[in-house]
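Please go over the structures that come below.
You will see chain A twice below: alongside chain B first, and alongside chain C after that.
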Partner chain A sequence: MANFWNKFTIKQKLAITAWLFLAVPLVFYITIRFYPTFEAFYVSTLKWNLLGAKKAIGMKNYIKIFADEDFWLVLWNTIKYALVGVPVSMLIAFVIAYWLNEIDFGHDFIRAMYFIPFLTTAVAMAWVWRWFYQPLPIGYFNTMLSWFGIPQQPFLRSVTQGLYSIMAPAVWAGLGFQIVIFIAGIRAIPRSYFEAAEIDGAGRRQILREITLPALKPTIIFLTVVSTIGFLRIFDQVYTMSADSAGGPLNSTKPLVLMIYEFAFDEFKLGRASALTVILFLILLVVSLVQLWLMRKQK
Partner chain B sequence: MKKWLKKVFALAIGGTSLVWSGLAQAVEIEYWQYTYGSRVEAIDKLIESFEAANPGITVKHTHFPYADYRKKVAIAVSAGDGPDVVQLYYGWLNDYREGGLIQPLSSSAFPHAKIEEEFFPMVGTMKVDGNYWGLPTAVRSLALFWNKDLFAEAGLSGPPETLDEMVEFAKKLTKKDANGNYLTVGFAVDTDGQDHHWWREVLIRLYGGQPYSDDGKTVAYTTEAGAKALKFITDFEATHKVGSNGFMNRGQDAFAAGQAGMVLDGSFRISKFAKTEGLNFAISELPGHDGNRFNFSSYWVNGISSKADGEKKAAAEKFLQHITSDEAMQLWLDTVGELPAKPAVALVDANKAHPLYGPFIRGLSYANATAFVSEKPQRQSLIDAYDMVVLQGADPMAALKKVAKAEQEVFDEFFGD
Partner chain C sequence: MAEVTLDGVRKLFGSVTAVEDFTLSIGNGEFVVFVGPSGCGKSTTLRMLAGLEDVSSGSISIDGRAVNNIHPKDRDIAMVFQNYALYPHLNVYDNMSFGLRAKRLPRSEIESRTHDAAEILGLGDLLKRRPGELSGGQKQRVAMGRAIVRQPKVFLFDEPLSNLDAKLRHKMRAEMKLLHQRVQTTTVYVTHDQVEAMTLADRIVIMNEGRIEQVGTPDEVYKQPASQFVASFIGSPAMNFATGMISNSSRQTILETHSGVDIGLASSHVVQGRQVHLGFRPEHMQLADVAKPPKGHISISGDITVVEPMGHETVLTCDGGFGEIVGKYEGDKHFRPGESVYFHIRTDRLHYFDLETGIRI
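On to the complex of A and B.
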C-alpha cells in the first residue's frame, strides 16, 4: 500500500487528498440536489399520482399549465412579490443601514433588534401577523386605525390588499439580513475616500451619491439577486396567512410555490407539479445568470 | 454423520419451527388515524376489547397530526409500509382507490346485503365498481348551534325554523359599535368551515335544485336554485350585514367567544363548545324552507390498505368488523360524540331525544352525502363564488358559472380516462 502511494508526486498526492475530501459534498450534491432536479424534468412529462403507474404524456402538462388562467394569475402574483418586495425592502434596509452606521450609541442593540425577525420561524411570525390583520374587535392594526377614526381595512380579506398584507411580514423578516450586509458593505469602503471627499468640500449628499452608492454596487447586486430569489420562492407566509392555506381570496395572493405544493400534495398530480417546478427553476436560473453577467462586468 | 450431530440438527430445526409457529400465531396489524383526543381514546378502548376477544392478534395504533395525514398515508402505503387498517374521509375515497392505497372489502367478510340492510343509505357512496371500499364507525350531520344568552337578550325564545326566520333572527342578534363595526354577528358565516356543505346539499335542495347530476358526473347548480342558494348565503354579509366571513378568524371561534348568535357546525364541535366556560348554547335542526328539510352527512371510513394480505388481511378484516359493530358505534357516540352509522343504533329513543345529539341524529334521516371526486378543489367552488359576490360584487349566477367551469374540469379529468 505504502509503495503504491509513494509512486505519486507530492502534487498528485495533494490533488488526490483534496478530491477525497471534496467527494463527500460532491456525492451529497449529486444524490440529494442534482439527481432530484433532473428527475423533476422527467416527471414533468408524466401523468403520475405518486402511487399508480407512470404514464408518459410528453408536453401535455406544460400545455395544460399555459392554458390555465390561474397559472398566469399566479405567475403575475409571484412577480409582484419580487417586483414590489425587493425594491421596498432594499430601500428600507439601506436607509436604516446608512443611519445605523452613523451612530455608535446603541448600534449593536438596534442592529440585533432588526436581525431578530430574520431568525424567527416564518410560520410563527406569519400567524402573529395574521391576527394583527383581523377585523375588530380582535385585530391590532384595525384597532389602531379606529383610534384615529380611519375606517376598517379588510387586509387579508381583500383581493387588492391581500398580497401586500402578506408581503409586509416577508419584507420585515428579511430586513435584518439586508441591513447587516449593507453595513458590512459600507464599512468595507476605504475611509480615505470619504476623507479625501470631505477635504475637497463634498457634501453629505454628494458623498452618498458619488462614493457610497457606487462602491456598494456589488453589495446591491448580491442583495437584489438573493432577495429576488427569496421573494420568487415565497411560501410560508402565504400558506400560513391565507384562509385555508389556499392563497385566496380568489387566488389573489397565491404564488407559484404554493400552486406547486397544491398540485403535488393536495391533488397528487406529480407531473403537473414537476412541470411547474421546472418553470420556476428556469425563472430562477435566468435571474442567477443575469447576476453572474452583471458581476463579471464589475471586474 | 455422527449421531450427536444429527440430534443437534433435529433440535435446531425443531426449535426454529417452534419459534416460527409462535410468530405465525402472533399477528400484528397496524391501525392509522389522525390525532384527535377523543378518537384516539375510542380506538384505544376498541383495541383493548378486540385483543381480549382475539388472542394472537395485536393492533398497533398510530396517529399523527391531521395536517400531514394524507401525505404520510400515501407515501407509506406506496412504499409497502404503513397501516393495514386505515381511516380516511369518505370524500377521499376516489383518490385512495385510484392511487391503489386501499383494497375492496371481500364480500365474504362483509356481505353487501348485510351492509345495505344495516347501515344508513348514504354509506352507498362507498360502493364503487360493485365493491365496498370502506365502512364507517360513525357519521356526521350538520345542525344549528345558537347562543341562548344572546337569543334571550334579543327577545327570541327559540331557534329559527325556516330560512326566513333565520335571517330575521340574525338581524336582531347583530350588535355593532358606533362606527358600524361588528361586536356580535347574528350568524357566523364561514366558508372555510362547513358552510360549503350547507350550500351544496341543503340550500340548493331547499330552493328546488340539486348540486350535481344524478350520475355525479356533471355540475348541476348553475340554475335558479343554485343562484338563489348562493344569494341567500352571501346576503348575510353583503346585504343584511349581519355577519362577516372570517370574523374572529373562524365562525367556531366567534361562537365560542360568545360573539356570534348562530353558527352551523357538525356534532364533533359539541365537545369544544361544551368545554367553553360561560358559553350557554343549544342545538337545533337546520332551518327548513317551504316545509322541506335537508341535511348533509359525511363520515370517516375504515378501509383495508392494499399492503395487507394473508393472515394480516384476515386479522384486518376481523378488526374492521369489530370497529364497525353496534357496540363500537355506541362507544364512539359516547366517547367522541359522532353519530352511529346504523339506524338501529342511532335511532333509538334515548339518542333521538338527546338534547345535544338529538338534532343531528334526527337530521340524518333527511341527509345526503356528496359523492366527491376530490373534496378540496370542489370546496373551493363555494369559497370562490362567495368571494366573487361579496368582495367583487359579482352577480350570483355569473359567479356560479365561473366556478362551475372549474369544477366541471375536475370531474372531466377524473371521469375522462
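On to the complex of A and C.
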C-alpha cells in the first residue's frame, strides 16, 4: 500500500488528499443544491400539480408569467426593496460604523447591540415590528406620532406605506452585519494614511472623500452585492407582516419569493413556480456577475 | 525653517513611561537624528513633535510657539512615514499635492510646486503612476516629495529607509543628505540604524529606555561616548568590553578582570580599586606578531573562534579569556580558528565606564 501511494508525486498526493476531504461537501452540494436547481429548469417547462401527471408544455409557463400583470407589479416591488433598501441600509451602516470607529468607550458593547438583530429570527422580529405599526393605543409608532399631534398613519395597511414599513425591519436586521464589515474595512486601512493626511492638513471631508471611501471600495462592492441579493430574496418579513400573509394590501408589498411560494404551495402550480424561480435565479446571476466584473476592475 | 525646542517632555502610556525628561534644542536648519533600540521612545518623541501623540508633561515649541495643544495640521510640519503612507488609489501627482489641496492653494501654485518637487526628486516621468506601480525607492521619493511640496518649517522622518534593501538604503541615504543640503529645512529623523544616524546627522540623540543617553555630533558620540550604552550602540562591529577592577601590580597598572585574566594598562587616569568596563573598538586593534606592546599601547591576546573575510578586511572573533573580543584587520594574512593572535591598542583609544552607572570616566 505504502509502495503504491509513493508512486504519486508530492503534488499528486496533496491533490488526492484535498479531493478526499472535498468529496463530502461536493456530494452534498450536488445532490441537495445543484441537482434541484437544474431540476427547476426542467420543471419550469411542465404543467404539474405535485401529485398528478407531468405534462410538458414548453415555454408556456414563462409566456403566462410575462403576460401576468401581477408578475410585473411583484417584480417592481422586489426591485423597490433592493433599490431603496440597499442604499438606505448602506448609508446608515456606514455612518454608524464611521462614528463607532472613533470611540473606544463602549465600542464593543454598542457594536454587539447593533449585531443582535442580525442574529435574531426574522419572523420574531417581524412580529414585534408588526405590533409597533398597530394603530392607537397599541402601536408604538402611532403613539409617538400622537404625542406630537401628527395624524395616525396606516403603515402596513397602506398601499403606499406598506412596502417601506416592511422594508424597515429588514434594513434594521441587516445593519449589524453591514456595520461590522464596514468597521473591519475601516480598521484595515493603515493608520499612517490618516496620520499623514492629518499632518498634511486634510479636513474630515477630504480624508473621507480621498482616503476612507476609496479604500473601502471593495467593502462597499461586497456589501452592495450581498445586501442586494438579500433584499431581492426578501420573504420572511413580508410573509409575517403583510395582510393575510399575502403581500397585501392589493399585492403592494409582495416580492418574487412570496409569489413563488404561493404558486407552489397554495395553487400547486409547480411548473409556474419553477419558471419564476428560474427568472429570480437569472436576476441574481446577473447581479453576481456585475460584482465579479467590478471587483476585477479594482486590480 | 525653524527652531524646535523640547523641554522636560514626558510621555506616559497608562503607567508605563515611554519618554522621560526629554530636553533638547534643535537649531534652525539642523539635521538631528534620534537613534536607539526599538522601544527606546524615539518614535514616540517624534510623534509628540508631530502632534500625533499628546504630551503627558513638559512643553514643545516650534519656531518659538508652544505647540502642545496645537493640532498637527497647524504645526507647519511634514512627516515621512516608515511605510510611506502613500494613498494607493491616488497617482503620484495627487499624492504629492494632497497637502496643498488640503490648504486650498490656487491650482497654478499647486502645479508649479508639485512639478518643482518632482523635478528635484527625479519623479517627472512617474506623476501619472499609482503607488502600486512604483518600486520601493520610487515610493520613498514620492513620500519625500509629499513632504517637500508643503515647504514646512520642520521635516519629520520616521524610519523612512527601513523598508528598503541594503543597497537602495545606501543610495537613498545619500539622496536624503543631498536634499537637506539643498532645502536646508530643520529636520528630525528617527532610526534604529546607527550607520544612518552617523552619516546623516549634524547631531545625534542617542536614546535608551525613554531617556537621552547622549547628544552630540557623530564625531563626539563615536570618540567620546558618554556611557557604556552609547559606546556599545555606536560603531560596527560593536565595541569590546572587559569588566574588572583597576589595580597595581609590579610597577604597572592593570585591569584585574572578573574572570581572572589580567590586562596590563601601562597607565590609566582611573583611580585604583575602581570597578570599570574597559572598552576598545575593533577598528582600533592592530594585529601584532609579539605580545609585548610598543610604548603607549596595551596588548590583548585571544584564541580565534570565527574568521569572517569581508574582502577588504577580515573580522576575527576571539576568546580573550575575559570574554569575547572582536577585532579586524586589512591585508592578506590568513588565520584559522584555534590560532592565537595579539592585538595592540593605543592607550588613548581606551574607554573607561563605571561598572555601576555605565557613565564614562
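Simple rule for what comes next: the second predicted complex is superposed on the first by the 296 of 299 C-alpha atoms of A that agree within 3 Å, B and C clash if a C-alpha of one lies under 4 Å from a C-alpha of the other, contacts with A are read in each partner's own complex, and residues count from 1 in each chain.
The rule is short, and it goes like this: contacts are C-beta pairs under 8 Å (C-beta built on N, C-alpha and C of every residue); 3 or more make two chains touch, one makes a residue touch a chain.
Bear in mind the structure is a predicted one, so any value in this text is a computation, not a measurement.
Chemist: Looking at the overlay on chain A, is there a clash between chain B and chain C, or do the two fit?
Modeler: fit
Chemist: So in the superposed three-chain picture, is A:Tyr98 touching just chain B, just chain C, both, or none of them (first/second/both/neither)?
Modeler: Neither: A:Tyr98 stays clear of chain B and chain C.
Chemist: Under the stated touch criterion, name the partner, chain B or chain C, that contacts more residues in chain A.
Modeler: Larger number of chain A residues touched: B.
Chemist: Quick one: classify A:Tyr62 as touching chain B (first), chain C (second), both or neither.
Modeler: neither
Chemist: With the two structures laid over each other on chain A, which partner does A:Phe222 touch: chain B (first), chain C (second), both, or neither?
Modeler: So A:Phe222 meets neither chain B nor chain C here.
Chemist: For A:Gly201, select first, second, both or neither according to whether it touches chain B, chain C, the two together, or no partner.
Modeler: Only chain C is touched by A:Gly201; chain B is not.
Chemist: When the two structures are overlaid on chain A, which partner does A:Trp172 contact: first (chain B), second (chain C), both, or neither?
Modeler: Neither chain B nor chain C is touched by A:Trp172.
Chemist: Looking at the overlay, what does A:Ile138 touch: chain B (first), chain C (second), both, or neither?
Modeler: Once the two structures are laid over each other on A, A:Ile138 reaches chain B alone.
Chemist: Of the two partner chains, chain B (first) and chain C (second), which one does A:Phe118 touch, if any: first, second, both, or neither?
Modeler: neither
Chemist: Of all C-alpha distances between chain B and chain C after superposition, which is the least, in Å?
Modeler: 52
Chemist: Per the definitions at the top, what is the overlap between the chain A residues touching chain B and those touching chain C?
Modeler: Of chain A, no residue contacts chain B in one complex and chain C in the other.
Chemist: Can you tell me which positions in chain B touch chain A when the two form their complex?
Modeler: Answer in residue numbers: 70-71, 74-75, 77-78, 95, 98-101, 177, 179, 181-183, 192, 244-249, 259, 374, 376-377, 380, 383-384, 387-388, 391-392.
Chemist: Once bound in the complex, which stretches of chain A touch chain C?
Modeler: By the definition above, chain A touches chain C via 190, 192-193, 195-203, 206, 210-211, 214-215, 217.
Chemist: Under the definition above, what is the set of chain C residues touching chain A in their complex?
Modeler: 50-52, 71-75, 77-79, 81-83, 85, 87-90, 98-99, 101-103, 146, 150
Chemist: Quick check: in the complex, which residue numbers of chain A touch chain B?
Modeler: 49-52, 130-131, 134-138, 146, 151-152, 154, 156-159, 243-244, 246, 248-250, 265-268
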